[in-house]
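Going in written order, the chains are labelled A, B and C, and every chain counts its residues from 1.
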Amino acid sequence: MKQRTSPSLKVLAGIAAAFIALPLLSILVRTPWSDLGNMLSQKSTRDALSISLQTSIIAALISCAFGVPLAWLLARSQSRGLSALRVICITPMVLPPVVGGIALLTAFGRQGLVGRFLYDWFDVSLPFTRTAVVMAQVFVAMPFLVLAVEASFRQSDKGLEEAARTMGASPSRVFFTVALPAARPAIMAGLALAWARSLGEFGASITFAGSFPGRTQTLPMAVYELVSVDYRLSLVLSLVLILISVGVLAAMRDRWMVGR
Amino acid sequence: MSGCSSGSRQSSTSDACKEPAAKGSIVVMAASSMVNVLSDVEKTFLTTHPCVTGITYSYGSSATLATQIVNGSPADVFVSASEATMNTVKNADKTVTINVFAKNTAEIMVSPASRFASKITDVTSLSDSVNSGITVGLCVETAPCGTLANSIVEKAGTSRNTIADTESPSVEDLITKIEMGELDAGIVYHSDCKYAESRNVATCVVIPSAVNSTNGYYVAALTSRSIAQQYVDYINGSEFKSVLQSKFGFLAP
Amino acid sequence: MSISLNGVVGRGDFERVLKFSVSDGEVLAITGPNGSGKSTVIHTLAGLIPMRSGQLMADDITWDSSTSNTWVEPEHRTCAVVFQDLRLFPHMNVLANVAYGLRARGMHKDEAEQRSQKMLERVGLKSFEMRRPNNISGGERQRVALARALVLEPRVLLLDEPLSAVDTASRSGLRELLPELLSGFAGATILVTHDQKDVEALATATFGL
């Protein structure tokens, strides 16, 4: 039977697609193309782009290094205590980012629960540093990776892991040689998502890391500041962010999220 | 002539409501540094101006607010901390009348929890070369308090880059961070510092007038409603000026 | 070496009292209809499921005992399993699959690959090293699974329905290969099957569930 979509469904779908596409296309249309080169080569633009790329890539890698073991633990454990842990670990996803920033400040600020010891004993002050930018990004982005990878671990073929054990592999060897390779598509997707989320992070990082051009000011922070001041430049930076995000999603779809 | 009925309130200045529709509430968008003084006079104003049933405030950086107004944010009154931001709104034909009603100077606000508290004596002591590890915040350049900070920093012979570790979009944000102890110090308005000092949440270091600068506060009615004009008139009036200057540390315009 | 099980074996709702033992050189065929718990026995012997009660011993080493609270992890038991669903690792080639256990037990890569190559020849899969498990036939996959278990030179070989995953055409070839391989195998073999033909071809003793 030939598949036919009802006209009313098509209309609804069309409206939904238009609603999302229109604002993005508007930026494309309104971008001051003639001044593009000029604006992109401005120091503040280059600084913001470089800081954004550096911090978001590091944050994505950290999210992966720590998030994959967490996903493994959550997927494999039966205890009820760990389900509570899962809820906590996923919370940053639904939390308003600025709340995340406040939470980070409360924990790691100079007067914070942990931060005060770092400052008093080791002279380490985290807020307003690039480290703080990365921390804020990891806080909001890691849950995305954990969720994607945990789902994959849950669905993975435990029979393969059992077989590996019977052949003499210790549980950690099984993890690295059997479980991890099987989860590779999910890990890649999680990495891409974590990176995209880190790149777009604003509320938590501006609260915890502040914003200073050349030091901690990321692209989103620059856009925010420029909106009231140099609207055309803010359009250009917005365009850069949109293109990077679209690029990541397009690449993900083609290579890593292809269904089996 | 119908007026809005009020309780047993004494009529002060021009508060006979001219038409029934003249009664209502107004939206005031004001620079962050105005928050304490406007909250303080709110009750008095409402009591003496019974045609105004309520005031909704939106505080923020004058630059951000100006953009919002230009983009159509509905407000009756705009109180800005600089001529430039008021001009943004004026050039977009949003204003009806404009007036400057106060001035402010800057001061160094110091967090009492800071380990550098006793070592902060002037603007140059805010840089890492004098006090290694000190964490300082300034307003963003595009906000009035940031422009003020820039001129001060230059007059003191140093630069924003040397001193600041973070920039805040509004002076409110800067003050909060200093009060929280996350920043050692920042350059804020004298009025803000005085207010914080009175609550014992910060200490203030005076910036000598040779190095200091001032900014002007401007008020504009954005609509032609009579109650908006009443608020503007109050802001321009002598009663408000005396509150501003004696209680909150603002300067005469 | 002789492996002996005496106690209660169970998984989920299923439970059975069992007692049997197998010695070096013997091939014990455990028979029974589907659902009688044959796979559970294999999983219990391998250490993937604990016994409900009783003892499982390999010579004088206790692998599982409820009385002395002993439990030996599957990776430390000297047995190798050929699962009914084969469980070849899809992300590795045939050679890596066969060499997996040797490398897991600490053997150097070159030596492990050498031994694996020889074993692949013995099962008739010379030149299959670089192929991927999903690029070879069912019968060939079965041989890889066998090679993977035998190369470990285990003391106990556990075969779970070794011919069920194979199409009828390849089955006869395998039915000739298996006795040959098993006759060269020094340890004890436990073979689980529902097919009488397998029993006749391979077993030295049977046990019905």
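Worth pointing out:
Here is the rule we go by: contacts are C-beta pairs under 8 Å (C-beta built on N, C-alpha and C of every residue); 3 or more make two chains touch, one makes a residue touch a chain.
Quantities reported herein were computed from a predicted structural model and do not represent experimental measurements.
Among the chains, the centre nearest to the mean of all shown protein C-alpha atoms is found for A. Seen from the Cα centre of chain B, the chain whose own Cα centre is farthest off is C. Distance from the chain B centre to the chain C centre is 81 Å, each centre being the mean of its Cα atoms. Measuring from the averaged C-alpha position of chain A to that of chain B gives a distance of 37 Å. One inter-chain figure worth recording: chain A and chain C are separated by 45 Å, centre to centre, where each centre is the mean of the chain's CA atoms.
Those residues of chain B in touch with two or more other chains do not exist in this structure.
In the complex of the two chains, the chain C residues touching chain A come out as 43, 46-48, 73-77, 79-81, 83, 85, 87, 89-91, 100-101, 104-105, 148-149, 152. Listed in rising order, the residues of chain A touching chain C in the complex are 157, 159-160, 162-170, 173, 177-178, 181-182, 184. On the chain B side of its complex with chain A, the touching residues are 61, 63-64, 66-67, 113, 133, 135, 137, 140, 142, 161, 164-169, 177, 180-183. Partner chain B is touched in their complex by these residues of chain A: 105, 109-111, 123, 125, 127-128, 209-217, 224-225, 227-229.
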